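What follows are several structures.
What follows is a pair of complexes built around chain A, which joins chain B in one and chain C in the other.
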Partner chain A sequence: MGGAREAVARIGEGPDVVTGEGAPAASAPAGRTSAGWKVLPIVEGLVLLIALVLPWVLQDYLTVFATRVVILALFALSFDLVWGYAGIMSFGQALFFGAAGYGVALMARDLNVTSILLILPAGTLIGLTAALLLGGFLLLGRYPSSVIFVSLGTLTGSYAADRLARGWYYLGGQNGIPSIPPLTLGSYEFEEGPVYYYMVLGILVVTYLLCRFLVRSQFGLALAGLRENEQRIAFFGYKAQHLKAIVFAIGGTIAGLAGSLYAFHEGFVWPNMLGVVFSTQVVLYVLFGGSGTLIGAVIGTVIIEGVSFWLSDNYRDVWPIILGVLLLLVIMFRPLGLISFVLGERERVGSFGKEPGKAPKKEAGNAAP
Partner chain B sequence: MPLLEASGISKVFGKLTALDGAALTVGENEFHGLIGPNGSGKSTLMKCVAGAEVPTTGKVSFINTDITAFSPTERARAGMSLKFQITSVLPTLTLYDNILLALQAQSSLFDLVLSRTRNRLHDQVMTMLTQFRLADRAYDAAAALSHGQQQWLEIAMALAGKPRLLLLDEPTGGMSLEERRVTGELLQPIKQHCSLVIVEHDLDFIRDICDRLTVLDQGKVLASGTVAEIQANKNVQEIYLRRA
Partner chain C sequence: MASTFAAVFEIVSFGAIIVLVVLGLGIIASMMGIFNFAQGEFVLLGAYVTYLAYAHGAPVWAGMVAAPVVVGAIGFVLEALIIRRFYAAPIVAMLGTYALGLIIRESVRGLIGGFYLTVPEPIGGSIDLGSVHISAWRFTIIVITLLVMGGCYLLLSRTSFGLRVRATLENPALARASGISTPLIYGATFAFGAALAGLAGALIVPVFSLFADLGIRFLIQGFVAVMVGGVGSFIGPVAGAGVIGTLSAALPWVMSPVVADVLVFVLAIAFIKFRPQGLISGKGV
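Here is the complex of A and B:
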C-alpha cells in the first residue's frame, strides 16, 4: 500500500509548492539518473541473464522450484499492471489465476485435452472472460467506483470462488483435482525440469515485453494520468472507467495464462489457488519488489519465494515470522519497493513524448518567464 | 443563441442551500466573470456547469444541447473544459507529458496503444508550452514548477483540447502581482476561439479582462451585465461595502 500512502502524501504536497520564480527542483526527486543513464534496462538485462543461466547451475529439484517462481512472476506481472499502472487495488487476482487453473485441469481430466496449443489459449480466455465479467461489474458503474468497493469486490470474488471450489464435488472439493497429465505438443511431453523452465521463461519474457510496450506507449501515459488523478483526466475527455476495465481485463488474461501453466507444472490444482492466500501473496510480491515498474514484480517474486524457501529449510518453525518482519521493514522504509534503491522517480514514471532521449537537460532555476 | 445557458440552477447540500435559482449566460468569444462574496455559490455554480456537481434542479444548455445529465467526460468531448481551483497538474510527469496527456484525450484507443499520434502532436505540445512561456522547462517534472507556473501549465492543459468554453476557478489564487499580470496577458489571445468563465476574488483582474459579469449573492443572481453596468449597480456596491 506504499503507492497509496505516497499518493496521499502527494495530494498533501500539491498546493503548497513554493511560490516564487523558478523554485529549484527540490521537490522533484528526479535527479538520480539525470546524467542520462538508464537504470531500468540494466536491471532487466541482469535479471534475464541470471534467469537464462540458472538451470545450468541449479540442481534438478531447484530448477523445478525456479520454474514455479517464474510462473508466479508472470502472475505478479498481471497484478502490477492492474495496481501499479492503473491504480486498481485488486485483492482477488487469484480468482483469474485459479479459475484458469481449474478450467484447464478439467479439460485434461474430462476431455483428455493436454495440447499446449489448446490449453494456453483456453486458460488465457478463461482469465479474460472472468476479468471482463467481474471488472465490468465493479468498474463500469454509473459513477467511478471507490478503491474500497473494488478491493472488497475483488476480495469477495476470490473468497467466494475458493469456498465454491471447496464445496463442489465435481471440482474435487478440498482436495482439488490431482494427477493432471503433462502438457503436450504433438507426441512430446513437457515434464518438469529445464525444458518446462525455458518454456515458461520464454512466455514470461514475451509477456513482459508486451506489457512494457503498453505501459511506455501513449496508452501508458493515459494510465499514468489515471492512477494519479482519475477525476482530472475525465475532465479532459478520457473514458477513465473504460481504461480501468481494459487494464483489469488484460491483467486477468495474464493471470489466466499463469494459472494454466501453474496447474500443469504442479500436476494438480486446489482451492487455495483461487483464494485469498494467493491473492495476498501476489500483492506482497509486487509491493516488495516495487510496483509500477514491471521488473519490480519479477524481482519481488523471486526474492520472497527464494527467501521463504531458504528460511523454511533453516528455521522450520519461525520462518513465517521472520519473513513477515522483513516484508514490513521493506514496506515501511521503502514504500516504493526494493527497486527504488536503484531506480529514481523520474525513470520509474518515464517519459512518453517524442524522442525523450533527445530531451535537453536544463538546469532548473533560470527558466522564469 | 448563447454558447452556454444555465437557468434555474439550485443546489441543496443537506440543510444548506448553496444555489437558489441561479442563472448564467455566456455568449461566443465572451470573457465572463462570476463574482460575489464568500459563500455566494460561485464555485458551486461553476461545478454544476462543469459536471463536477449535479444540480438539484435547473437546466444547462451548451451549444444548443441540453447537457444537464452529461458526465464530465461527455462535457469535455462536447467542447467544455475546466481548470480546477486546486492545481491538479500531474506532478511526477514532465510538463511535456502533462500537455500530451491533455492533447491525446481524443485519440482512439488503438492510436494510443500504438502511440500513433505521438509525432503528430509534438508540434502542438511545443506550441502550447511556448504560448504559456514554459517551453524551456518542457522536460522537467511538473512538481518542480512554481505555483504560478503550475497554474499556467494547468490552463494550457485545459486549453489543449481546443474547447469552445473554458471554466477557470480562481486562476490567480496565490499568485504574485506580476504573475497575475502575465496570466491576464496569456488569456487574451484565446478569445479568438474560446469563451471564458472566471471565478475570481481579484476584482481588478476581473475588470481588466472580462466583458460581462454575473454577481451572485446567497445563491441568487444579484445582477448581470457589462462591467460598466455592474460597477454602477447600487445593489452590488452595497453587498461589497457591507462585507468590506
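Here is the complex of A and C:
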C-alpha cells in the first residue's frame, strides 16, 4: 500500500490542525503567507470584483449563463460546508437542491405564488426540513454511522428521489414542471439578466460571509476537529453526531435556497435536479476548486462551468472525458484542489475565534458538558 | 399457476443478474475495503467487448469469453496505476473510482454514440414447460450465476490463493511477514472483481442491450446490496444481492412500480441503519 500517505494527506493534515491559531506551521506555507499579508482575502476580493463587473462586459445571453453559474456556486458552497468542513460525504446534496426546486415550482404552478418574499423562505425551509429528516436519520442514533454509510445513504436518497420524480405524474414525470412564471416583488418581475444576476450575487455574497463567519468561529473550530479526528473530539465531550447533523442541516438549507433560485431562473425543473447527475456535479466543483476553503468551491464551479460552456460547441463529446481525467489528476496529486496552488496550508486551516491576545480562549458555545 | 411460475422465473432471473453484478463489487468491497464506483463501468466494458466481438463477425459467445479476460486485465492495470494510492482512505477511493468510471463511461459513449445497440442471445429461443415458455438465455444466466457463485466460493475457501486473499484481508502486516506479496494479492483481487463485472456485462447485454448508462443502473443497487448483506465476507454481499434483486423484481407485481422502486431503497437504508453489520456479519468467506 505504497501510496497510502498521499491519500491520507487529503483527510487529515495532522493533529495540529485542531489547536487552531496556536498551531506550529508544520508544513511550509506556499509562498508569502508568513510574510504578514494573506492570500485568501486577495483571492476573495478579486473574485468578487470580477463578479461585480461581469454584466457590463458580457453580452446578455452570457449574463444569463453567469447567473446560472453563481447559483451553482451557492449550491457548491453548501456541499463544501458539509464535506470540506465537517467531513460528511454528502453524495446526495442535489436532493435538497431539487426538492426545494420542485417545491417552489409546485407553489408557482398550483398556488400561483411567485413573490420572492415567499418563495425563497419556502425553498430554504424545504431544504432545511429535508436535510433535518435525512441527516437526522442517517447521522443520529445510538451508534455513530460510518462515513461509507452516510455517503451511500445520501446517494441512495438522491437516486430514489430522482426515480420518484420520474415516475410521479403529479410532478411531471420525465419532463418535470415546465414554464414556471418569473419571480416577483410586488408588481416587479425578475427576468433573466443583470437584475437577476445581481440579486443572486448578493445572496451568494451574504451566504458566503455567513459561512465564513461560521467556519471561523468556535463552532468552526469544533468542526475542523471533527473532520480531522472525530474520536478525539468526542473524547473532549462534544456530541460529534449533533455537530454533524447541524452542519448537514445548514448545508441543506443553503442548497434549498440555491435550488429555488435555480428553478425560477431556468423556468423549469426536471428530475436530474434531484438526482445523481447534480449530486456528483457539485462534488466535482468542490474537489476541483479545493474543498475546505469556501472560495475554492466558488472558483471550482466557475472554472468547470466556464470551460464546459466554452468547449461545448466544438468538443461536447470529449469534454466529460477531459473532466474525468482532470478530476482524477486533482484527486491523486492535488487533493486540496486548484486553490492549493496559491493558498498555503496554514492559511487554509486558518485561525479561529478571537485574535490571539485579545481574549482568552473560551469554551466553545456548542460544547456539551 | 402458469402465470405464477412465470412471475417466479422473472423474479429469480432478475435476482440472478443482480447477484452476478454484485459478486465483483462485493469481493472488492469485502476483501479490499474499497467501494468501487467504477464497477458499473466495468460491467459496461464487458458489454462493450461482447458487442465489439459481435460487430466484427465473431460469434457472440466468443465475445462473452473474452470480456472477463479483457476487463480483468484492464482492472489489473488500473489497480497498479491508480487504485493502489487510495487504500488508506475509503472516501477518496470512492471519488477516485468515480472519476475513473466517468472517464470509462464517457469514452464508451464517445465510441458508440447515444445509441442502444443490440447483441443477439447466443442461446436463443425458449424452453417450454407445459404451457409456460421461459427464455432460454435468462435460464442460462441463472445457471451460470450459480456456477460462478460456487466457483468463487471454492476459490476463496479451498485454494491457496483464497487463503492468501483472506490472510491479506484479515491482517496485512502479518501476511507480509509470512511472505505473501500483499500488493500482488490486492492487484489480483481487484482484477478478479473487475473480471466478474466484465462477465456480468457480457451476459446481460443481450437482455438490456448496450448503452452508455448501462452500468449506473446497477451501481447503486449493487452498493445497497453489499451494505445490506454485510461488508467483510464473501457470502454477505451475495445474500444481500439476492434479497435486493428479489425485492426489486417482486414488489412491482404487488404495487405500483414507482413506489416499489423507492420502497426497496428506503427499506434497505433503514435496515442498514439499524443493523450496520448487515445480514451476515463477520469476516472471511
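Note that the second predicted complex is superposed on the first by the 321 of 369 C-alpha atoms of A that agree within 3 Å, B and C clash if a C-alpha of one lies under 4 Å from a C-alpha of the other, contacts with A are read in each partner's own complex, and residues count from 1 in each chain.
Just so it is clear, a residue touches a chain if its C-beta (ideal position, glycine included) is under 8 Å from a C-beta of that chain, and two chains touch if they have at least 3 such contacts.
As the structure is a prediction and not an experimental result, all values here were calculated from the model.
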item: Touched partner set for A:I42, first chain B, second chain C, both or neither; value: neither
item: Contacts of A:L210 with chain B and chain C, given as first, second, both or neither; value: neither
item: First (chain B), second (chain C), both or neither touched by A:E345; value: first
item: Partner chain in contact with A:F235 - chain B first, chain C second, else both or neither; value: first
item: Which of chain B and chain C A:I246 touches, first, second, both or neither; value: first
item: Which of chain B and chain C A:V276 touches, first, second, both or neither; value: second
item: Partner chain in contact with A:Q218 - chain B first, chain C second, else both or neither; value: first
item: Contact residues common to both interfaces of chain A (with chain B and with chain C); value: 10
item: Partner chain A, residues of chain C touching it in the complex; value: 35, 82, 84-96, 98-100, 102-103, 106-107, 109-110, 172, 182-183, 186, 216, 220, 223-224, 227, 231, 256-258, 261-262, 265-266, 268-269, 272-273, 276
item: In the complex with chain B, residue positions of chain A that touch it; value: 10, 13-15, 17-28, 30, 214, 217-219, 221-222, 224-225, 228-229, 231-240, 246, 345-346, 349, 351-354, 356, 359-362, 364, 367-369
item: Of chain B, residues touching chain A in the complex; value: 50, 52, 71-73, 76-77, 81-82, 84, 86-88, 90-94, 96-97, 100-102, 104-107, 109, 111-119, 122, 125, 133-134, 136-141, 143-150, 157, 160-161, 174-176, 182
item: List of chain A residues in touch with chain C within their complex; value: 1-8, 10-11, 89, 91, 137-138, 141, 143, 145-149, 151-153, 155-157, 159-160, 163-164, 166-168, 276, 280, 283, 287, 317-318, 320-321, 323-325, 327-328, 331-332, 335
